[in-house]
Every structure is written in C-alpha cells, then in structure tokens.
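One chain, subunit A, appears in both complexes that follow, with subunit B as partner in the first and subunit C in the second.
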Partner chain A sequence: MEGSMKLEIKPLWDEVERVREESASFLTSKGLEKDAVFSLSMVVGELVENSIKYGKQGDEKALVGISLDVSGGLVTVEVTNLVDDTAYAHLARLDRTIQWIRGFQDPFEAYVERMKEVARRQMEDKESGLGLVRIAYEGRAILDFFLDESEILNVSAVLNLE
Partner chain B sequence: MYEQSPPIDAQLVAGDQLIPVDTRLTSRYSLMVRFLNGNGFKDGAEFTDLLIRNQGKEIGLGPCRLICEPNIDGYAGRIVFLKEVYDLKRLVEENKVVRLQSSFLNVPLVLAHKKRVKREFKNYTSDLTYDLNVYKSLFDKLDEEYAEEAQSIRDSIQMAIINTEGVRFHRFLDDRLAELERMVKGFNRAEHESHGFYFRRQLWEIILTAPFMRRTNLKPRGYAGDSEMMSMIYENGYRGKSTFAKLMHKHPVGHPGAQAVRNRRKVIREMIRGVGDQRNPSGADPLKILSVACGPACEVQDIVQTAQDPGKYDFTLLDQDRNALQEAANGIDRVQRRLDGQVKVKYLNESVRTMLKTPNLPGKWGRFDFVYSMGLFDYLTPPVAAGVLGKLLKLLRPGGELVIGNFHVSNVSRYYMEYWLDWVLYYRTESDLKELLRGAPGDDVSVFFDETGVQMFLHVKRHESH
Partner chain C sequence: MVDKKTYENNRLCIEIQADDDAICLKWRGRSIDREPGKFIAPILLDSLREGGEGNKRVILDFRELDYMNSSTITPIVKILERAKRGTVPLMLVYDRSQKWQDLSFSALEIFSTEDHRVEIKGM
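Our next item is the complex of A and B:
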C-alpha cells in the first residue's frame, strides 16, 4: 500500500518519541512487516535526534520536517532542518561518513569498524558516530543528504522493501 | 625516541604506595622511566598500575613491569604492560586510548555472521579459494623459474604465459563468476550483503594481490570509484607484482562494467565535439562545458586534440576530491604542452551534496552549453539525485544539453563488482532515471545506452526558447 506522511516538530528532545510512534503507526497502516516498522522507526528517531543536535539553535522558525513516503517498493525517510555556518564542519564530516558507510557492500562491516573506533575513544569522550552506522546496518537503509540554498539540510534514508 | 619525546606526568602504583616517575615514550608500546624522590627498583619489579595524566585527564594503564636497561640520563629502564597493551604514541599525540587488543571485542559478532551464509555458498567459496590458490602457486612457481633472466626476457616470457595459460585462467574465472551469479541472483539485499562479506573474508589474500581489487576494497580515498580506479579502468592493462597478480588485476578491468566506463568517455567526447561543431562552428565563442564529479577528466584530453581546439572550449571541472582535480590538471597540462596552447579550465573543489546550497549558481558560475556527469548519479539516492539534477538544469543555456550517466539495473558485472570488488552502486531503470527530472517542462528528454547496455545516459536538451 502506497502513501506518504509529513510532520513538523519543534527541535525538542521530548518530541523524538512521539515522531517515532507516529512513524510506526503510519508504516504499520501501509502494511509493512513488524521488523521493517521497528527498524524504520529507529531510522526516523536517529535522523530526528541528529537534526536536533546539529540544527540551528534558538530560532523560532527552525522546525524539523519529517516525511515518510512508501512507493514503488521503496520507503524514503527525509528529515529536514535549518542549519547555519556552525554546522558546515559537521556537514563535511557527515559527507565523509556517509560515503565511508556506503563504501561497504555489507553495512555490518562498517558497524564492526565503527565499534573498533568507539573502543579507541578519545580520553575526552565525544560523539560515538554510531547512529548513522545503525541506520545503515540495523535499519538496512541507504543514507544520503544535501544542503539547499535556503540552508535547509535534507538527510534521507531509503529502504528497498523488495 | 625518548630523548625527543616530551616528559609524561605519571605515577606507578605498588600496593597502596604511589611512586612519582618521569616517563617518556621510547617506543609505541613502552615507556622509559626515571624514578623520582630517590626510589629504586630491581629488574622485573611489578606494579599494579601506571597512572598517567595527559591533557588534564588521568588514566590508569594497568599492571606493568620494569625491565632495567643501562642507566642513561638517569632513566632506569622500560615499563612494559602485562595485561592491556596501549598505543602510547597515539595516547600522547592524539589523546586517544587505543587498546592493541580492541579488535578482538568484535570477534563473537564477526564469527556469528557466518551463520547467515548458505551451505551451498560456503562450498562454492571454499572450492574457489582452493582452486585460486592452486593457480596462484603454479603461476608463482613459473615466475621463479625465469626470475634470473634479464628484464626484457622476463617480460616476454611473462607475456607468453599470459597469452596461453593466462587466457585459460581468465576463462576459469568467467565460469566461476557465472556460477556465482546463478547462485546469488535470487538473494535479497540482506543476503547479498552477508554473503559478500563472507566471500571477501575467505578470498581476502587473493583480492589483495591484484592492484585494482585491492584499491576498490580498501578505498584509500574513502570512497569507491576514485580517479586512480578510473585510470586503471581506462588503462585496461596488466598491473601487479607477479603473473598471477597481473591476471587478477586484468580480469575485472576487462569486464563489461569497466568497458562501459571506457565507452562513456568516448560517448561524451563525441557528443561534446558534435555540439561544438553545431553551436560553435567558427570556434569564435568557446563552448561552455561543466563536468560534475569530473574525476581525472581524461575525456577533456580526448576532446582537445588539434592546435585549434583549445580556443573552442571553456571547461569547468568540479570534484570533491582535490587529488582528482590535480590529476585532471596534470593531464590538461600535458595537452597544453603538446599543442602549445592554453586550454580554458576552471577547477572547483566541492561536494555536490553541499554545492546545492550556493544561491544563484548561474550568476556565480555562468550558464553552460553542455553539462555532464558520468559516474556520480550511481551513488545518489532519489532525493539527492533529483535535487542535484534540478540544480544542474538551471545551469543550462537555452539550447544547451545535459547528459547524466547511471549504470542500468541489468549490469552484467553487478555481482562481480559487489562480491569481489566491494563496489555497490545505486542502479536505475530508464523510468527511474527519467523520474528524477520530476517533470521538468520545456525540454526534450531521452535515454540511451552504450554498446554494452550497462551504461545508461539521460539526455536533456533545453529548448532554444527556454
């Protein structure tokens, strides 16, 4: 069954669980199997958390947009948010990380490598970087992103339902 | 090393006693130690912990032992670790706690991964590994037989072997690939992934012998399809340290997927020359061309062939990889020297994923007569591909043309690329590719293929009145 869902939320941590639940019920209504619903809800949650973490702070208009589309055997999750100059360093890292993850035929390999990196953590602990790898490995989705001229960051995950 | 390395603020722990020491790096995994406050210890003395303070943080490196060495500058000897072994160089220089044994954390996970692999596939991989090792030892033995000959003699003997036994070996590889395809073509994506992972673990040593396979698997620039891989495909030759390595290198670069890459270079050359002849027959107004994710841009060297050509074209080459742009610049520099002319080229080092943020791109870069991207859309998912395509269309002049390459879903080299080369593309059908335009009006749109049928091109011709 095909269809799409759109949501807009304030960039607040409390909203993440609600988005996850609404995504799960939308995907269930489209006839997706329980495992796919579970993993895609995780994907939505991870992307929304990232958008809150790296989105423009303190701007009333800086809403997070979430869209889910089920069509042509694909589920496409897109999460959008406003960013500013401070996010550019993060975007360069995001670009490298996504290309690195997608450089493995099996995302499990990226997961194993990232786990090694996590074990080699900084004394001053920073981010683990595991979220994106989980999207690829546990969510079985292909990640990508772009930044448009309105400085809206669009991060997407595409799952082939086969 | 320790004379140059800075002192590390540390304390050894023996029971409840804290012993202040001056330590310095002496090797990646050991420290020179000098006891302060007049303490002295015998060779083999053991300590329950070594506490070091680095960049404001204290960390315990665990049980360690003193190995006494001749007293130099007051240093008593080295401290080595008895349980956890840490990379002290990275700890001091990068502030990273790297346990030598950390890779073993994932052992149960990796071992369990093989449970997902079908018995038939394990048998296939095992037989293939055996067969390839037999071939490898035979070819290596032959290499040894004539190793004492002069270089020119060695080269001709090797070529004779390649032209006889090498041809038979390549047929063997063709047959095994056909068998692989029969076995995996019904798999879903998750099965392809786990079986591919298993396959490469089993064949890793063989894969590393071939320069092309090594590079596609290791991806030293962090992504597949870098300009060096493209150069290897264009060359389509024999590279490697042994006859076996050369044969393993040549086989994938001779496969239809690689042939399609060579073909698309010719297709683009012919199209650009055709558009140039049509739109700019006198060569007075240079044809403005944009190549997106240009790589080594070897096709530019193919296009600019005669002394008149440099003035006919105005190229803009965009790539995320500075090395690729440098290689493109080196190639164009050779053309300039050969023709004794100046080719107009602008180099842009940018990722397409962030390029879209630039407002008024036509105002910044100008508009183009011909925009093309050969090997980029194979990596872009639909939302990003559609965004990039929309932006590129805005860069076309009226009457301008845009050509986008994408490997077709029917790529006969697909399983070779995925299983052997760890090289995964975003494949599309004709309609998938057209759908990316999202109904852009006022343009002539068509899809065509190269001779192999692997390389698909989306061709958009903007109307003159647009």
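Our next item is the complex of A and C:
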C-alpha cells in the first residue's frame, strides 16, 4: 500500500518517542513487515534526534517537520528544521559523514570503523556520531541532505524495500 | 547469596543481580534519553570495577531491551573496549531472533577476545 504522513513537532526531546511511535503505526498501516517498521522508525528517531540537537536552539517555534512516503517499493523519510549560524559546523560534519559512509562498499564496515573510534574516546565524551552510520547500516537507507535558501535543513533517508 | 539492585531512568530499567560468581545487568524497556551515558556509564563502570575486585564475570543481558537510540551504544562500546583491554571476564547477551538486536549487537563482536574472556553472544 502506498501513502504518506506528515508531522510537525516542537523541537523538544520528549517528542522523539511520540514521532517514532506514530511513524511505526503509519508504516504498519501500509502493510510493511515488522522488521522494516522497526528499522524505519529507528531511522525517523535518529533523524529527529539530530534535528533537535543541531537545529536552531532556544526557539520552540522553529518546528521540526517529519514526512514519510511509501511508494514504488521505496520509503522516503525526510526531516526538516530551521538552522542558524551556529549550525554550520554541524552541516560540515553532516556532509563529511555522509560522504565518508558512501566511501564504503558495505555500510557495516563504516559502522564498525565508527564504533572503534567511539570506543577509544573518554567515557565523559558525550558525542556519539553513530546515528547516521546506524541509519545506513541497520536501516539500509541512503542518506542525503540539502539546505534551502530559507535556512531550512532537509535530511532524507531512502530505503528500498525490495 | 544474591544481591539485587534496580536502577530506573525514564523508560529504561537496569536490574543488577550479583552472586559469588557473576554480576548480571538485565536491561529492560527503552533507552531514549538525550544523554543516556549519564545514567548508564556509572552503572557499567561500577559493575566492571566490582567484577575486577571480586573476581566475578560481568554479564550484560539485553534480551529484554525493546529499543535503544544510537547515543546508548556509545557507553556500551566504551565499556567493551575497557573490558577488552582489562582482565575482567565479560559476556554480552542479546536476542538473536529480534532483527534489530541481531544487527546492533552482533556488530559488537569486534570487541570479543580470542580467549573468550570478552564474549558477544546471540541466544
């Protein structure tokens, strides 16, 4: 079954789980199998977490947009959020990470490399850096992003169900 | 004698059962915090230290965990790296029949040691 779902949420951490659950319900209603629903709702959760962490801070009116589209054997997840000047370091890192993941033939290799790197860091270091690579490995999704002229960041993940 | 302690934070529960041979950490629920390491890391570090002091094996049992975000993986891989470099026996157990657990935890086999002191086990 084909269809789409759109949500807008305040950039609040407590909203992440609600969005993940609503995404899972939507995908289940479209007839996706349990494992695909689980991994795609994980993808949604990771992207929404990133948008809250790195989107425009301190402005609850700067909403996070989430869209899911199921069509032609593809599922497309898009998460949008407003960014400001403080986000450029994140955008550069996002670009580097996506290019870095694409450099691996198998995203599992990228995941393992990133885990090794994270494991060597101090226990107190809060950065995970595993979210995007987990989307590529566990979610089997192709990542991309663009920044439009209104300073809206759009990050997408596309999964081929076949 | 079995010692039992339960730690809860948001929707995650970690139950610790310790006897003469092992310290078992059973994870239940969902780990969805923004910084889950604040809650998880001290529990893991204490367990590893107590395992070393009491010559006990540390068991991390994730079979009843329903979900974790990627930030949760960070303290887990850091403790596995410490265990790998140390001397305490550690076994991580996951549910192989749950695809997400199989994908997430089987990848941690890179931290297992040749002498099986650190083991990653799908059951």
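To be clear about the criterion, the second predicted complex is superposed on the first by the 157 of 162 C-alpha atoms of A that agree within 3 Å, B and C clash if a C-alpha of one lies under 4 Å from a C-alpha of the other, contacts with A are read in each partner's own complex, and residues count from 1 in each chain.
The rule is simple: a contact is a pair of C-beta atoms (placed from the backbone, for glycine too) under 8 Å apart; a residue touches a chain by one contact, two chains touch by 3 or more.
Quick caveat, the model's predicted, so the values are computed rather than measured.
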{"item": "More subunit A residues in contact - subunit B or subunit C", "value": "B"}
{"item": "Contacts of A:L147 with subunit B and subunit C, given as first, second, both or neither", "value": "first"}
{"item": "Partner chain(s) touched by A:F108 [first = subunit B, second = subunit C, both, neither]", "value": "both"}
{"item": "First (subunit B), second (subunit C), both or neither touched by A:M5", "value": "neither"}
{"item": "Partner chain(s) touched by A:K116 [first = subunit B, second = subunit C, both, neither]", "value": "both"}
{"item": "Which superposed partner A:L63 touches (first subunit B, second subunit C, both, neither)", "value": "neither"}
{"item": "Subunit B versus subunit C as contact partner of A:G45, first or second or both or neither", "value": "second"}
{"item": "Shared subunit A surface residues [contacts with subunit B and with subunit C]", "value": "108, 112, 115-116, 119-121, 123"}
{"item": "Subunit A residues touching subunit B - in the complex, by the definition given at the top", "value": "74, 76, 78, 88, 91-92, 95-96, 99-100, 102-109, 112, 115-116, 119-124, 140, 142-149, 151, 154, 156, 158, 160, 162"}
{"item": "Contacting residues of subunit B [partner subunit A, same complex]", "value": "54-55, 57, 59, 90-91, 95-99, 102-103, 105-106, 109-110, 113, 188-190, 192-194, 196-197, 219, 222-224, 320, 351-354, 356-359, 379-384, 387-388, 418-419, 422-424, 426"}
{"item": "Complex interface listing, subunit C residues touching subunit A", "value": "11, 30, 32-35, 37, 41, 45, 67, 69-71, 73-75, 77-78, 80-81, 99-100, 103-104, 107-108, 110-111"}
{"item": "Parts of subunit A lying in touch with subunit C, wherever the complex brings them together", "value": "13, 16-17, 35, 38-39, 42, 45-46, 49, 53, 108, 111-112, 115-116, 118-121, 123, 125-128, 130-131, 134, 137-138"}
